[in-house]
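First, the structure itself, so that you have it in front of you.
Here the chain labels run A, B, C, D and E in written order, and each chain numbers its own residues starting at 1.
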Amino acid sequence: MLKIRSLNTYYGDSHILHGVDLDIPEGKAVGLLGRNGMGKTTLIRSLMGFVPAASGRILWRDKEVTGSSPERMARLGIGYVPEGRGIFPNLSVRENLVMSARLGAAGRCDWTYGRVLETFPRLTERLDHGGQQLSGGEQQMLSIGRALMTNPDLLILDEATEGLAPLIVQEIWRVIKQISQTGISTLIVDRNYRSVLAHTDVAVVLEKGQIVLADESITLLNASDTLSRYLGV
Amino acid sequence: MDISTFLAQCLNAVQYGLLLFLVASGLTLIFGIMGVINLAHGSFYMIGAYLAFGLAPLFGDQFLLQLLAGVVLAASFGFILEWLFFSYLYQRDHLQQVLMTYSLILVFEEARSLLVGNEVHGVKAPPWLSGSIRLGDLMSYPVYSLFASAACLVVAIGLYFVVNRTRLGMMIRAGASNRDMVRGLGINIKLLYRVVFAAGVALAALAGMIAAPMSSVYPGMGGQILIICFVVVVIGGIGSISGALIASLLVGFVDTFGKVFFAQFSGLSVYLLMALILIWRPEGLKSKGY
Amino acid sequence: QTAPVKVGLMLPATGTYANLGTMIENGFKLYVSEQGGKLAGREIQYFKVDDESDPSKATDNVNKLIKRDQVDVLVGTVHSGVALGMAKVAKETGTLLIVPNAGANAITGAMCAKNIFRSSFSSWQSGFAMGKVAAERGHKKIMTITWNYAFGNESVQAFTEGFEKAGGKVTQNMTLPFPNVEFQALLTQIAAQKPDAVYAFFAGGGAVKFVKDYAAAGLNKSIPLYGPGFLTDGTLEAQGDAAQGLFTTLHYADNLNTPRDNAFRLSFAKAYKVNADVYAVQGYDAAQMLAAGLKAASGDIKKQDTVIAGMAAAQIDSPRGKFTLSAAHNPVQDIYLRQVKANNNELKNVAIKALADPAKGCRM
Amino acid sequence: MAISSLSSPAIKRSHSNIQHWLLPVAVAVVLAALPMFLSSYLQDLVLKIVIYAIFALSLELLVGTTGLISLGHAAFFGIAAYITVLASSDSSASSIGWLLPLAMLGAGAYALFVGALSLRTKGVYFIMVTLAFAQMAYFVFHDTSIGGGSDGIFLTFRPALRIGDFTLLDLEKPLHMYFLVIGCLVASYALLAMIQRSRFGHALAGIRANEQRMRATGYNTYHYKLAAFVIAAMLAGLAGFLMVAKNGAVNPELLSWHESGAVLLMIILGGLGSLRGAIIGAAAFILLKEFYSSETIFGQIAHSWQMTLGLTMIFFVAVMPNGLIGLVAQWKRSRAGKRRLTPHPSHHTETPHD
Amino acid sequence: MINAASASPPLLQAAALTRRFGGLAAVNGVSVDLHVGEVHAVIGTNGAGKSTLINMLSGELAASGGAIKLSGIDITGWSQARRARSGIGRSYQRTTIFPKFTVLENCRLAAQAAAQRPWMLWEAAATCPHSMETAWHAIESAGLHDSAYLIAGTISHGQQRQLEIAMCLATNPKVLLLDEPLAGMGAEETDRMLSMLERLKTAHAILLVEHDMDAVFRVADRITVMVNGQVIATDVPDNIRNNNDVKVAYLGETHSD
């Protein structure tokens, strides 16, 4: 559904992404791995349109969307859970969720306010708290919930389990699996590569802004030598 | 002070407070919620007053229609203004907006002087609002003032509802804290902010139009109201509509009774109030803490 | 002598007083052009600076005229604080100064100097005269109300002096901060205390709002309102019905109906397409005073002592009526009692003839 | 392009000390030589600019360095000016020796009071509390008779500095005035430049960047901010003293929010975070207005100087995101960009750095 | 089992700490002791009050009740800055750095806190040898030497997390309060960080809040488990691992070490 072709991205003078190619097939979960500072977030921000790509193409369902604004990309059906959560601190939990509610492409409405709260019961107790008053983990749940409220076709999770308690992490992985099963594609960045590989169909590894490894997740899970070379494990 | 005078003074205080609120409401929207430090707000108020002066002959007795026309004109003006001068400022240091809006004040003032001259003009209240109500044996109260107060209340309630209870309001507030994230959720924030800015301008202009028959229109009328409106917004807690309402009433009371009891120092009173409140509650009266 | 006389006009071109600045400038130029563009045979060259009615910039602005343009004569300004700043510099540099409006008593009082003249009035003059009138009209207890700033306070003091000398009593002196225009609280106090009359000083937009609020509160029916002329000068169109019948005192009125005034008004209206007002007269007379001085020195502006002596001794044939200058260089003039009718401040009678400012504190 | 707001050793290396000081020293020398060439009017204009430059520099310490935006800075300027007039003798010239310190300490004392209270608040609230205290001071002078009310009061004799019978400085003399003012600019600039590179200055910059972290690392940020506030107020007081010594008159407008706003505009126009920017901003603001309101240059349009000045500033804001001083950096960068065709690996450019 | 370190008097001791936000008791009567030579991990559900506990210990938040002692001295009323200067260093869960300064400057500013002397205006901050040395040391320990001259706001999230720790170290603290230091770090960095903690604990008292259980069980000498503001268990790791309450409330059944 999303194709990226030879994407190059700069921050000022520094060349971060070097001709990245990436395919996210319809209904598949894709893992994005790599050490700190290798360009995972940059890749996501480029494809969302936050950072303009210097060259390369982005295709959404075979339609050219290169250079689109983030709001356009989101409206195409991309839900974005950014690194660092991006909660609106001046809005209450309820408002954070309500404001982003939107029907998905083709009027799909799988994720409602009620279902999000069901998925994250902890948020129910905090509905009238401001975004800033939440604990780190609560914020993370809110951020995922908020992205789900847009009923996306592709969900991008950048370090979505950071700061979550193990039980919740399990829960999140369960939800991700559930999401994948409903036919939503996912792009997952997470430091726990084992979980990523366990919950994705394919995975790619970024090293210094280049894709150095791309394969079925199961294959990679077993290729611990190669992985340790690129991920330092 | 006997009791009837006291009550009359309270009425004065409320009325002044409500008028202040009407002007401050547009400012809360632009300054408090969008986060644009808008010094030109007083100029929009002035533009509104001059609009009333200019439109009155065209509309005759159709006062409400005239208000509507003025609001539409002002909103379109605000829309264009945002597009020309503000759309590229949000990413920059907030202080750049200060410079921009200050420059706009200069331009507006001069444009006013060139277009309509420097005289003081009166604007007539519509006939159906020009009566007065007797109050005690000496005073009487102009009906128009009561109308103005009522209009202020309506605006207050409407604005409160839109900002706090609608998704539009939530989006606006979200945009103030994290523009990028709002875009990432698929909301066209540029358009949204242009509309909000236009609404702020329209509110200021509406306040000017409503105030015109009471205060007349004259050069420099915008500058006088600007600072006091900032005071109101800040005392109330930035971005809080209900706070602004409470604050305007408070300022109305302090100003009214300050003049009566401490004439010599009444210039200080409002600022003393602000300093005390902010030292007591560093985030204004109605800060939500988030 | 062929070089023109350089006249520096320091008047407001922006802000609340911009209009008054224009009237003064036009009055001045009208007289000069009536004389064929020359005074005592000398061409007049103008230099202009916008004083912005900001006293903190007064020194800088007046220095532009004195140091940059090296003018021979300064004319200005409307705002008293700015005029005081001008007077201070004029005194230090010895530049000839004619003040065409600002009424601060100190200009021809404590700050007086031989090179400082005024073609307008002192705030004392109109206030004092109204005090006398109010007493004559049988009022005993009067409240005053004004902005808490120098001119307002001076006006109220002069009124009190005149009124109490004539046997009245000022019961309360109310002020509000300049330029606050929320009068309602004080109007309520007036209604509660029920004085015989009220003396008020405001100007411009403040005057308009005060007069309208006063009427809207219904006070104008039971408690007469008095004030110096500025309460209703140049504001009548905006004040409308609310101002009808008000009494004010000033050194000028709209229908003096003297041949001199009629001629002046006609030629002013022809030249500038608007009716002359008191500010135009003051500008006009400033030019007349300069002309008198230049004539005495046969056009040689550099003979400053002669010029000054000429000005001080002159009798000015003003549209307002002839006047002479006091020892402190302030007009000794008739103060008129006027009443508002339609859009005019009509002459009722002469409140005090040939009233001279006491020039308190002047040592010259 | 990445630019550190502190001086880093890497930048130090590329910026030799001489280069660093050359420009300011050259400017000071030129300023000192100017009276030989200028008419007394232009000399006056230079003085006005320089006094406002000192005033702007003082605010720069607060806004640019510490991140405290004050909209009441004119209060200190005005209070020092009033103290100067009120404390001066009416019969002879008072000595700069005690008058100047008195004026500055007076401003500093008020700042200590205002700062102690207002530093409890943050952001826009801080802006407004400083405004509130300034307005209070304004109304005290405007509405009471201690300083002549709204008309203000005048200095009878300008201060002088005598040692024994020898008159070192007599401010009635334009040249003495001139050199005192230039000297004060040099001293203020040097002081602030020193502060900026000192530990104190770096701590202030840290507070501006992230006060929470500064507290957590062990800085008593409140005291730091208060110290900066008082120092800035005293420098503003210095400017106020010079202003009244030059003009010989004070009135409440000196304390008004218009004045506070104007000086804030100057430093924004010049470019925040840079001492040079503050000076350039002050000069630009004053000169632009002078220029546009000059009838000899603009004829009738001079009457509409508000329009031309406003439009010019709008233009500046539109094209110069970092103020006038940023223009220099922009220009350098575009030149550097042309020189090297391949991207340079280094992350460093030269900072707008004083 | 009694750890050798526990025998010595605690360096930092919190007794019955409580903090309320309106009606919510975010931390409710929590007591912890920190000893030199020991990593004391605090784990617990999201919103259990771990960060709030650290905020109170470091002085960022005032406690609603309870007392804090540092080397036996009551510091409950001390300001945050004073506590920091007396040797309490902390890191933040949400990265809290100076984004516009270089990495080195970030650390130098932190190191400078130990020798502030703001009145020495004539001395350039950048050449102060003491702070430079300490800063470099911290940068090396955190593994950021390659990025020392980069602007902190432009390094990646994981690198910023490393900087967060480096800045804490640069103040030369005796007590380290680390709020999820491993969050956002890659496997390699995690490994280095854990080795560093093991090294540091010989001379420091360390409180570690962390959700990475592999890491916690690797370095912790003692674990406190919090749920809803209260401590449900404090014990050595092995006992915690097998504690049923903890499993239900926090670890979950499927957890494998």
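Definition applied: a residue touches a chain if its C-beta (ideal position, glycine included) is under 8 Å from a C-beta of that chain, and two chains touch if they have at least 3 such contacts.
The structure displayed is predicted, hence computed values, not measured ones.
Path length between chain B and chain C in the touching-chain graph (shortest route): 1.
A count of contacting C-beta pairs for B-D and for C-D identifies B-D as the more extensively joined pair.
Seen from the Cα centre of chain D, the chain whose own Cα centre is farthest off is A. Chain B and chain E have Cα centroids lying 48 Å from one another. Mean C-alpha positions place chain A and chain E at a centre distance of 29 Å.
Each chain gets a centre from the mean of its Cα atoms; for chain C and chain E, those two points are 74 Å apart. Contacts with at least two other chains are made by residues 109-110, 113, 264, 267 of chain B.
Of all residues in chain C, those that touch two or more other chains are 14, 148, 175, 177-178. Counting partner chains per residue, chain E shows two or more touched chains at residues 154. Chain A meets chain B in the complex at residues 48, 50, 69-71, 74-75, 80, 82, 86, 88-92, 95-96, 98-102, 129-133, 146-147, 150.
Of all the residues in chain B, the ones that touch chain D in their complex are 37, 39, 85, 88-89, 92-93, 95-96, 98-100, 102-107, 109-111, 113-114, 227, 230-231, 234, 238, 264-265, 267-268, 271-272, 274-275, 278-279, 282-284.
Within the complex formed with chain D, the residues of chain C that make contact are 13-14, 47-50, 54-60, 63-64, 67-68, 80-81, 84-85, 88-89, 92, 104, 106, 111, 148-151, 153, 175, 177-178.
Chain D makes touch with chain C in their complex at residues 39-42, 44, 48, 139, 142-143, 148-152, 154, 246-249, 251, 253-254, 256, 258-259, 293, 295, 302-303, 305-306. Of all residues in chain A, only 11, 34-38, 41, 83-84, 122, 126, 133-138, 140-141, 159, 162-170, 191, 193, 231-233 touch chain E in the complex they form.
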